[in-house]
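Each structure below appears as structure tokens.
There are two complexes below, and they share chain A, which is joined by chain B in the first and by chain C in the second.
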Partner chain A sequence: MFPAQTEYHRPNSVTEAVDLLASNEGAKVLAGGHSLIPLMKLRLVAPTVLVDIGRIEALKGIEATDGGLSIGALTTQATIAASDLVNERAPLLAEAAGMVGDPAVRNRGTIGGNISHSDPASDLPAVLTALGATLKVTGKGGDRSVGASDFATGLLENILGEDEILTSVSVSSIPSGAGSAYVKFAHPASRYAVIGVAAIVGVSDGRCSSASVVVGGVETTPTRASSVESALLGSDLSDEALDKAAAAVAGDFQGDAMSDIFASAEYRQAVAAVYVRRALAAAVSRAG
Partner chain B sequence: MTTRIFGSGIRRREDPRLITGRASYTDDIKLPGMVHAAILRSPYAHATITSIDTSEAAGQPGVIAVYTGEDTDGVLNGLPCAWLIPNSDLKTPDHPAIAKDKVRYVGDAVAVVVAESRYQAEDALEFISVEYEPHDAVLNPKEATQDGAPQLHDDVPNNVAFTWAVAGGDAEAAFADADVTVSDTITLQRLIANPMEPRSAIAQWVSQTGDLTLWSTSQNPHIARFLTSVVTGVGEHKIRVIAPEVGGGFGSKIPFYADEAIAAFCSMQLGVPVKWTETRSENYLITTQGRDHIEEVEMAATSDGKITGLRTTVYAGLGAYLSTASPGVPTILHGLMYSGSYDIPNISGTVYGVFNNGTPVDAYRGAGRPEATMLIERLVDLMAAKLGMDAVEFRRMNLIPKFENGHDVATGLTYDSGDYHATLDICLNAADYSALREKQAKLREQGRYMGIGVSTYVEICGLGPSQVAGAVGFQGGLWESAIVRFHPTGKVNVMVGSSPHGQGEETTFAQIVAHEVGVDVDDVEIIHGDTDLTPMGWGTYGSRTTAVSGAAVTLATRKIKEKSKALAAHLLEAAAEDIEYEDGKFFVRGSPDQAKTIQDIALMANVAWDMPEGMEPGLEASAFYDPPNFTYPFGAHLAVVEVDPATGEIDLQKYYAVDDCGPQINPMIVEGQVHGGVVQGVGPALWEGVVYDDDGQLLTGTMLDYALPRADGFPDIHVQSNVTPSPHHPLGLKGVGEAGTIASTPTVYNAVMDALRPLGVTRIDMPFTPEKVWRAINSAQNGA
Partner chain C sequence: MEGALACRFIVDKIAASDTLRLNGGAGHGRPDRQFTGRCNVKVPVEITINGKSYSGEVEARQLLVHFIREEVGLTGTKVGCDTSQCGSCTVKLDGAATKACTVLTVQASGSEVTTIEGLADGSDLHPLQEAFWNKHGLQCGFCTPGMIIAADELLRKNPSPSRSEIRHGLEGNICRCTGYQNIVLAVEDAARSMGGA
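This part shows the complex of A and B:
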């Protein structure tokens, strides 16, 4: 395919990248290219300036922090999926990163690009919301931190300013004794999530001591399943308790469920309960 | 030479270059002075063009020329349809390469920009201003025939391009007298062929000599040469068509397209080579699609389980224009196969070929036969269920008994040979059918929905006798020719008119030559795909290349063997009738130590120092093979699925394919064809399908939306075979390229419907996406 002409820059630092964004209206950041390039090929977007941050080494890598992890925005899904540190401290993120697209996508696609695109069918926004991740954003005015749940504002829309780049993602370790799972109803063609459920369930003395459940793919931004979480908390996590909790997800959708030729809004919301149930079962089985 | 080469699963010699990405395709070719074309396509499915202004585009950087339908009008002839089925009142409305007054599908060519680079050509497209007056569009092939539907072509009332009928026996009486009847409406959705290589063409006009060379992604370069001549007016003798490496076609590279004609036009106008290559998005919009049937079908039977009749009314969508072979696909290749593998004495079918505002429809792997097999196998399952019989037992009762030399069916065809019960038994044993039924019963008690689907198919291959081709309106022959040429060193070139593009005949044809005259298989090189280098042939499609072109190779090689015998007799000072042949050696009976090898013979024939009187020098032979009948491969497939009623998701758990394509030259390649075919046929059952909106906009315009089958959707495919030779073929071969595709769609369809039977679901349109299955279950459960 043949995208429209664009001016290409490859800055070596975040400061340089931010300067380029600030001085070129309509500039777009290019990272792994797996969201932007397909749109450019179809000429659905035609940025006048491309700022390729792919060679900024400072944005790559995974570090242990006090109580969690910090992941550079340019870290690929494949690196995250294979990371011992991520598998140990935030196994939910490693599991989900390993389910993004296919191997070729995971080898090029980055966590920062994935989040910055704010595709509601993407796997990682729901997962980072469930993990309570903090996103670091850098712009002309310096750095700021945003909670994962506050990042996306709508379909392909988020709080990033014109001159801002998502630079890193901080995640806390899941509570000891908690189990987590990401289960996904993948679109047969795109492998994006028609429904993706991220669940973290803490267990103490046979009862649910903490719960974080977020559903992606159904609405334009990740849906926190508060009703499911409330139903779980304090429950004995029996099959009946999980059935009841999963069914409660129907009350959590805010009325902006998406619909397309593959899956209607009605179907997504109805089947979400099944996937929530599967996620809860998997998370509970991994707890302890 | 001790290894038996015929029947040996040697590796495909094509593969190293293909799988390491070092093969050279049309788009890889760069000619000196070559320029690039990009085509502006209609964004409307149905509209009148009120004005086109190309002036701004003409002034863009790098732009050499911009042409519209006004420029090609009167210079290029319309694109011809080459399958003019008789007795059908076929209408052939004009199909200009570039639309002039009206556009009829999204993707119809409106203008072409030629520029120094493809990027410049694409950029300039955005500066062409076209004003359209949009009209209502119609996609559903049945609705398109109704009064008041949008009319695509002025001279085609109700969009009916043809009405074709098939009849045998007395279907009316069979239904009137039937104990039991079943009926259904089956939709076979449009499918995109999705070859890995999109289409491409380079046209090079040399004005000094008047020669036109066309590099083209064609499955049939000789037909492409003929049609290029028809459209451009350049004589066939001044046209060379080269199909270099072609990366799959599945039928979509049979037709001659507007794009090739446009490239030729541009080169002839400008005097420089012009390349056009479609993007994947263009491939989805303009390259011919498959199927698009609405089939209203019914079956009659006696209460003790004997099928007595079949009736069909089929609305076959053709798209906006007739493609090269499109009228023949839903008629000759479809309706004549209504008997399937069963003894059905009374058959009557009507097929309406219908224009609709979509991409033209033409042959796609299986071409007409999957659409026939689907309706037969579905009706057989429905009838078995209605009679309370096991679907397999019902099939067994109605399958045509074993025959070795001809069996007439009600549609007028004579099947060559068949042993349908044998492939069914092998399949059932492999799958342990009774154990599967027991397991299904147990799972049902647990509220789990396992389904078992079977299809016992027969198909028509080896197209075909040229006399029949003429009788059914195909505007050409269907024979093949081959030249086998021995060089002095005993190495061999084989030139064939067919044009394999992934099927492996560079390997299997070499195996035939090695088998026939005992040369090393690696000493045989197959040359194809260039009209200046190869003898005439009608191309690679319809599982015909090995069956028809392979027979020509066989016959030519046998001529070599006869001449070699005569020359050996001369050199050994013996009578020709005393010469024996074994493993590449010719010797006097009883004296094998005094043998002349085929290499000795090749050397002597080429140097011609000592030839018998009257024998011409050289060791070369050509043969033309026109098959006396079609071939009819067959088999039995079985699938096991489990449906999750909570989500409608389908898990394909087991797949068994037992095919009989006659003797196998290379079983590994046969197995590969079955694998690929099965996968391509399961696709439309579970995932694949073109979706247009009401305005004719393609909603499945990329691979993000159009769900191709993937490896992780399949269990291991269990492949077995049986061998029933064709009685009329020199090697007994039948063909296997489409078998899997023909069998697997109804196999999986039947498995899913079998799983859902206890839930009361009676029909779902393909593809069986989870939501459709979920809704069908819900409405059946709610008594809707």
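This part shows the complex of A and C:
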């Protein structure tokens, strides 16, 4: 398999990249290429022009900010998973980045590319939604910030304009006393999430003081499990309380669960409750 | 230039009737068969492979694994699944294990690539090659070049991995002979001979 014919540019700066996107209709941003190239090989997409931002150093790296982290869009999953700073401030993100694909995929795949692709089976959209991350987007009109939960609009669709590039991701540190976990049912060959659950649970005096639970892989965009969160808040986090909260996820799906040859919509929704339960148990065990 | 313009025209026509959309706006087509080969957009590349520099012009769409196998003639690197799942095309790209079926040749321009042919030191096999030989870590051998490159990265990051860590580290490499047990034993053996536990 090989992609359709395309032109190739390797800009040296974000400004140059944005100009190329703006002046070439049908152009696409290429970073690590591990989401885009597979689609190009299947001829599901045929960009007229590739704008390879992969060597723009300014887009790489992880910085501590007041109360959190800022991660350049070109930072690879491998770098994020191995980062002491991410493991300390947002361990949920490091854990999930280390579960994307396999080691070789994580060497190439970037956080920006992962999010920009808006693949519902991807791990990071659910995780960044759970963390309440802010995404910085740069285009001809300058910069704008978008909440992770407002980014994806559907299957492989999001709010990025044709001249815009996701340039960085900002994440707040998880609250002290909270525990977090990402668990997934990975497709055995692709390692994509059939179901992925990100959970952050705050514990105070033996009771749940805060909860953020998001499910990926079931619907076309990450599902915030509000019913699970409500059931958890104020509970004593006993096994029974976690059972009850996890079962509540059935009420959070909006009716557009996906089906494919590997897993039906019904199956995904049923198994989601199991994985929510596991994520909650892991998060609670790490709290404190 | 004319070729490139024709190329865009065709894509636009396809895009107009297409349903799959990426990002907010641009819809890009599933091109019909006529599209392939209608234009020929070549770009200059310069890549160092196993210490030797190769330069020339390739199509922008060419995948690195095809450059390595068909243009350079190093056929140790295999094309297995061609969907970045099986790992038989794994090479080192600037030192990092990379699936060469999912990288464009032009993306690797300016980079250094090491393939299975570049691991041995003259006629002295790399300890991983030696260990795969000694422990019968292969049956048909198709997955072996990718397995060894992936195992090389694993041992650089973790010189004395447990069996479970070896299995986890080789998650991106599939052996359809299912000879995993001896592959794990081979990596363990190589770790010992390379100085790990």
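One rule holds in what follows: the second predicted complex is superposed on the first by the 288 of 288 C-alpha atoms of A that agree within 3 Å, B and C clash if a C-alpha of one lies under 4 Å from a C-alpha of the other, contacts with A are read in each partner's own complex, and residues count from 1 in each chain.
Please note the rule applied: a residue touches a chain if its C-beta (ideal position, glycine included) is under 8 Å from a C-beta of that chain, and two chains touch if they have at least 3 such contacts.
Values in this document were obtained by computation on a predicted structure and should not be read as measured data.
Trainee: Once chain A of both complexes is superposed, is A:Ala189 in touch with chain B (first), chain C (second), both, or neither?
Mentor: Once the two structures are laid over each other on A, A:Ala189 reaches both partners.
Trainee: On the A-aligned overlay, A:Thr153 touches which partner chain: chain B = first, chain C = second, or both, or neither?
Mentor: In the superposition, A:Thr153 touches chain C alone.
Trainee: Of the two partners chain B and chain C, indicate the one touching more residues belonging to chain A.
Mentor: Counted on chain A, the partner with more touching residues turns out to be C.
Trainee: Check the residue A:Phe262 against both partner chains and state whether it touches chain B (first), chain C (second), both, or neither.
Mentor: After superposing on A, A:Phe262 lies in contact with chain B but is clear of chain C.
Trainee: Which of the two partners, first being chain B and second being chain C, lies in contact with A:Gly54: first, second, both, or neither?
Mentor: second
Trainee: What is the contact status of A:Val271 with respect to chain B (first) and chain C (second): first, second, both, or neither?
Mentor: first
Trainee: Going by the contact rule set out at the top, does A:Asn107 touch chain B (first), chain C (second), both, or neither?
Mentor: Second partner only, chain C.
Trainee: In the overlay, answer first, second, both or neither for which of chain B and chain C A:Phe2 touches.
Mentor: Touch status of A:Phe2: both partners.
Trainee: If you stack the two complexes on chain A, which partner ends up touching A:Leu30: first (chain B), second (chain C), both, or neither?
Mentor: It touches chain C, and chain B stays clear.
Trainee: Taking the contacts chain A makes with chain B in one complex and with chain C in the other, which residues are shared?
Mentor: 1-2, 4-5, 38, 189-190
Trainee: Over in the complex, which chain B residues touch chain A? Could you list them?
Mentor: So the residues of chain B in touch with chain A come to 38, 118-119, 122-123, 279-281, 646-649, 686-687, 691, 699-700, 702-708, 710, 713, 769-771, 774-775.
Trainee: Show me the residue ranges of chain A that touch chain B in the complex, using the header's touch definition.
Mentor: Residues 1-2, 4-5, 38, 42, 185, 187-190, 192, 261-264, 267, 270-271, 274.
Trainee: Show me the residue ranges of chain A that touch chain C in the complex, using the header's touch definition.
Mentor: Within the complex, chain A contacts chain C at residues 1-8, 10, 25-26, 28, 30, 33-34, 37-41, 43-48, 50, 52, 54-55, 78, 101-105, 107-108, 116-118, 153, 156-162, 189-191.
Trainee: In their shared complex, at which residues does chain C touch chain A?
Mentor: Within the complex, chain C touches chain A at residues 4, 7-8, 11-12, 14-15, 20-26, 28-31, 35-41, 43, 59-63, 66, 81-85, 87, 90, 93, 96-99, 102-104, 106-107, 110, 150, 153-154, 169, 171-174.
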